[in-house]
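One structure is given here, and the rest of the page talks about it.
In order of appearance the chains are A, B, C and D, and numbering begins at 1 in each one.
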Amino acid sequence: MDSPEGELIGRLVDAREFQRLRRIRQLGLAHFAYQAAEHSRFAHSLGAFHLATRTLAKLGAKYAIADADSTAIRVAALLHDIGHGPFSHVIEPILGFHHEDFTIQAVLSDETEVGNILRTYSAELPAMVADIIRGTFRPMALAQLVSSQLDVDRMDYLLRDSLMTGVKYGIFDLEWIIKSLEINDEDDQLYVSAPGVYAVEDYLQARYYMFRQVYFHRTLRSAEAILQSLLRRALMLHREARPVWNAVDTAFDKVLTGEKLSLPEHLSLDDVDVLFHIKRWQSSSDPILSDLAQRFVNRRLFKAYDLDMPEDERADFVERVREIADEAGFDPDFYIIEDKGGDVAHNFYVKDRVTPKNLIYVEDGFSRPQIREISEVSAAVRGLQTGYRIHRICFPAELKQRVAELYHS
Amino acid sequence: MDSPEGELIGRLVDAREFQRLRRIRQLGLAHFAYQAAEHSRFAHSLGAFHLATRTLAKLGAKYAIADADSTAIRVAALLHDIGHGPFSHVIEPILGFHHEDFTIQAVLSDETEVGNILRTYSAELPAMVADIIRGTFRPMALAQLVSSQLDVDRMDYLLRDSLMTGVKYGIFDLEWIIKSLEINDEDDQLYVSAPGVYAVEDYLQARYYMFRQVYFHRTLRSAEAILQSLLRRALMLHREARPVWNAVDTAFDKVLTGEKLSLPEHLSLDDVDVLFHIKRWQSSSDPILSDLAQRFVNRRLFKAYDLDMPEDERADFVERVREIADEAGFDPDFYIIEDKGGDVAHNFYVKDRVTPKNLIYVEDGFSRPQIREISEVSAAVRGLQTGYRIHRICFPAELKQRVAELYHS
Amino acid sequence: MDSPEGELIGRLVDAREFQRLRRIRQLGLAHFAYQAAEHSRFAHSLGAFHLATRTLAKLGAKYAIADADSTAIRVAALLHDIGHGPFSHVIEPILGFHHEDFTIQAVLSDETEVGNILRTYSAELPAMVADIIRGTFRPMALAQLVSSQLDVDRMDYLLRDSLMTGVKYGIFDLEWIIKSLEINDEDDQLYVSAPGVYAVEDYLQARYYMFRQVYFHRTLRSAEAILQSLLRRALMLHREARPVWNAVDTAFDKVLTGEKLSLPEHLSLDDVDVLFHIKRWQSSSDPILSDLAQRFVNRRLFKAYDLDMPEDERADFVERVREIADEAGFDPDFYIIEDKGGDVAHNFYVKDRVTPKNLIYVEDGFSRPQIREISEVSAAVRGLQTGYRIHRICFPAELKQRVAELYHS
Amino acid sequence: MDSPEGELIGRLVDAREFQRLRRIRQLGLAHFAYQAAEHSRFAHSLGAFHLATRTLAKLGAKYAIADADSTAIRVAALLHDIGHGPFSHVIEPILGFHHEDFTIQAVLSDETEVGNILRTYSAELPAMVADIIRGTFRPMALAQLVSSQLDVDRMDYLLRDSLMTGVKYGIFDLEWIIKSLEINDEDDQLYVSAPGVYAVEDYLQARYYMFRQVYFHRTLRSAEAILQSLLRRALMLHREARPVWNAVDTAFDKVLTGEKLSLPEHLSLDDVDVLFHIKRWQSSSDPILSDLAQRFVNRRLFKAYDLDMPEDERADFVERVREIADEAGFDPDFYIIEDKGGDVAHNFYVKDRVTPKNLIYVEDGFSRPQIREISEVSAAVRGLQTGYRIHRICFPAELKQRVAELYHS
């Protein structure tokens, strides 16, 4: 850590924007389902950085990699999540932004500590890191280490989340994959040599099951539904100029008023801001906001049922559940939530939805080896192509009996 | 979990006071030293409960244990930390209370969900649980499972903290200890049978090293020093009626004004309240508060030096460091902190400081076995009796060079 | 272990036939590929017994299970491998027997310690255990714990072999499967409830990859090819009355002469007998036997190539490799081995090759659950149905260059 | 592995003398006590080599290490156990040799594959490796990596044996020790820097407990007692020209006749030879040999009692047990074994018994650090200095009741 590059990494870790990641949980609300999954994006980012360092060392022993490129890749792995806000998956759709944009801005900005540290190190570094995150960096094979369907981000989070949740499905043979990584110089493309193919199959299955078992977990999604509802309610109250507690002159205040956040404001937000406001809202004069806040704080979550009925019956079923809620005095706009999960291309490896640069290539055949896209080679991966969609309805536990009767009728 | 006892446990876990433990980190600021040590008291409490269940099952196979006693022990293990506030080790000395008192109050109260749940289950249960935590319960041998030098609390947290920090010293052979637990009916005392003696030695060593390596870690203690300083500063500002941000009508507001908290107020506090206020204080008009808050949030911690000089030179050394601080414009009352750690009786197993009921007894000898206190039997445990005290001085990194010169001169 | 059943188990473990399993490696020659996979059938048998005990405890908490049935199931799990000989997969085809027959005989016999121990415990027990192993026991649902596509044998060996080889693919979520096991009383059939379906999918994938990566490993199969060749050679020499070292009056002597072994003779054989003879054969006057024995002892294994050419070219290719061997002075009958692995029905879960009683049934659907065979429910399992066959040619490393030229031409 | 040094290592691993280590169990008979401890010296030797490589990499980043020295250290770590015979701890005292001599001979010889491989690589290499094993190599600091109280041999076997036995005591923080290794250039001595001191304390405790709990385990020592007795009996029969089965013209034949083995003969022996002969001896015409062999094969081990009585009563007690044996028809010379374990200097770290070059040095003090021997610094290590001696008597289980009466009287 005494080399200039080592010092650079040390300074980036100490930067205020990176330290903020300690206050943003990696899995948002997953700890409501898996009690010990309380880890932060800080630990994950260090893990991704560590894997970038290891994969570069493996590739560097065989292929010529420029020092500046290697530095940029390692930095990009470290900083790839720096633009994330608290509870991103819930908040981004409400506020309409994408954390990757903030990551890129943070890297390029002269208002951020990380931006200044990078620029001081080398004038080109900020743009290189931004290109890696954008996916426009060349050599592409290196950028794929940080941003592709088989990148250090996914490899770290699957193993980490698997460990922290105790769900064994996420375990795959990381060592074997690293050992098998190669660069196809002709097409400037990463690929996995033949002995690593099973390990990649297993990795894709690990990813598939982690989505089904953890990231789409009923309890987690139900907690996110309440969080989303109560934020929508608070925004509505604010918009309608009805009283809603907020800490004035803070970034979160602007979130509530719907103003666009500046980069430093965005980079000051963390889980603490959201949770403190929700704690305060428990005593709101608005009964819906106060009720939802109390449910959230005390983990009185919604029930969630799979809409595994024929598709044409769903809308009708949802409508009738809304009526049940209404009759029982629950405003269906805030108490009945449809949860349609499964942005397939993002979550699973589905060949047809992925841009060519992100596809996973492997070496196939023993006597006359070729480099081919993995689903062409592996029946097991083809078996995962159909993906997995959830479509659920979430509602207060108080309605359980009436909804269950409707459901099983 | 369908038995009445199972339902009781389920309700207690769902109670608001227990859910609050999700928002209090088990190790306070240890994650500043060991990045992944971000786990909460919630997970630890479930772990202690699990160990209580297992040890009772082991003992119950051989000794007669009344159902009501067994239930009380399991409940006490589950709830033993329910009175903890955020960052207890730092805040309790400032505010002058002890979390065990709040645990006992919470169990006995009719203002808490847990109190009501217990009372509904059995009129005697609240008092029994309180007695276990107080150490006055009989049979004593059972209470020792929850509150003694070899209790499920310590056994869970050593293994859990060891896992989460990655520090291997905390590992001991839990299974062997459980297998070796016996009850000495004559003296109403737990003891460990001969085959488990090494495991107990190893457990005591694990505890010793975890204190040295984790709980007394320089970085952790330095972060606590800053936290303590900034809270003292905020209290002072408040006392002197100078402006300091606070969320009015909250329990934390009362903390700042020095008012005594009611039980429900105490039980509403968590890490979020403290952290949110500190985030706000970063922009305080008081330069000391704002500086300390920024250091804390962005992990610009104090340096810490061991005062391993002859005892009579210490006071003089500290005084001279305070002068260096003063000259450099740092108010020594808030920037120079002496850290004297090591409440030996609490942290280590030291025979002479422990009440007889809490001593660890083991079976000794092969041909004519006797039950004896472990340090009489084990040279290794006697070797740990001297304990370990830290005495450090913490100061801003800006002073490092000048203090170092003084230190090494 | 003080109950009569506990004593029974203790005696069976101490029986000479069970202790023999310490001298038979679980994975035969796998340690040539995975150096640490040196574990015995003894450890595996205890593991399977442990899982039988745990699954019975889980089922017994909900379903009525007769004590005698439970005992028989546990005993069958413990003894299921007792008839195995050394290097079974290689030796059984040569000598023409199946270890399950010996297991059943050992259980029923009055010449074995285990047989006598069982009979002393209960007159019915030997026949019950034999029925479980034969697959004719009723209730079938219980027998399936020991002998089906999802039995404690497979669950133990996948996890154990995965641990010992370091191959992560074999890891699946055992706890979740155990928690999800249920009995369909109507059809007397085990099934897995809905929350366990992913765990079963993962288990089947684990099995699939362990076969591909471990049990069919090139090095392991190549070592087996040499072992098979040298045993065939020794048998031939014996048949032709040419000198070949053997320890007279031992069971292995009879193996060499092709005589049928009595049960006690079979149950006296272990890895030691085979290895000692091969060590001696290193100095045989027959150059082929001595050469093969030296290769085996010193791990000078054959090379193995996948015959991944069009099927109609294979026979021709093999013929030409035999000619190459012949020209180089290697008798092709002993130095060129075709390895066609993959008895699909045994190794993988393929619906169409499994008898109905061994199929894996799971609960499917949330609103209107049904019990269905798993490949009907799971696309991932259907993806594994095509299985995996190996077809390789093994030859001495000395021929590598010439065979490689032929192969890549 | 494509560098000349990599090729050298590959050839050494493939050498016949190294492959033989696959057939010698690391822990001899420990699997009779810890069923899964079936691992070989082969795996351990690779582990020690791996640690040598890692520690050299750590030191090489800071200190100048000649390539030839580094190669010699790695080779010495790989080959350090190559002279071990089967069941060394039992057989060496009977036959009167020390395995280290054979290791040195094997390295220097031109009759061995390893000797020739080393000589071909470099004319100096064999002598350098031999010097390292003898302890006369310079720089001494490097040789200490392979042969000292804190060497890669011990570090590997403690962790490996701990893993394989399931005994948690053997776990220590390897990573921290490696990270803390430094070279004191002045005294040509390895030492451990201040942050690693606790890790070394923990390592020494791990060693202490592994001896008490595993290497001196009652069952293991009792099995060794039988093995020793039956070998003595076989030697006696041979000496007296009474019939005893042996495979003529083998190295083990010479062991029985008491002839001195040549180096290649010694290096052909392994567990298989010993076990095969014992299996044969089960049907010996000598009733003592046949009985002891059967006990060994079927794990009918001796009972063992600690002679924890006053020292002056021991001889008398042993004499009376011998009389009990005699009366019951057991020849006391072969059925009553005194087991005095605990060659303290070898097993534990005891400052006064260790040559200065093997002592463990650590950095002590924060303000004015010094390099000191660890027991001067650590009370915990001083606590282990008294060591631990076993003194037991082993006898047939048939005598248990009578000996127990005597023992407890």
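We adopt the following convention: a residue touches a chain if its C-beta (ideal position, glycine included) is under 8 Å from a C-beta of that chain, and two chains touch if they have at least 3 such contacts.
Keep in mind that what you see is a predicted model, and the values were worked out from it rather than measured.
Common neighbours of chain A and chain B, by the contact definition above: there are none. Any chain that touches chain B and also touches chain D would be listed here, but there is none. Across the assembly, the mean Cα position most removed from that of chain D is the one of A. Here the CA centre of chain A is 51 Å from the CA centre of chain D. Rounded to a whole number, the gap between the C-alpha centres of chain C and chain D is 34 angstrom.
One inter-chain figure worth recording: chain A and chain C are separated by 43 Å, centre to centre, where each centre is the mean of the chain's CA atoms. Within chain C, contacts with two or more other chains are made by no residue at all. Chain contacts here close into one cycle, and each chain has exactly two touching partners. According to the touch criterion at the top of this document, the contacting chain pairs are A-B, A-C, B-D, C-D.
Chain D contributes residues 14, 16, 19, 22-23, 31, 35-36, 38-40, 42-43, 46, 247, 250, 268, 272-273, 275-276, 279-280, 297-300 to its touches with chain C in the complex. Residue ranges on chain B touching chain D, taken from their complex, read 167-169, 171-173, 176, 198-199, 201-202, 205, 208-209, 212-213, 305-306, 308-309, 365-368, 379-380, 382-384, 386, 407-408.
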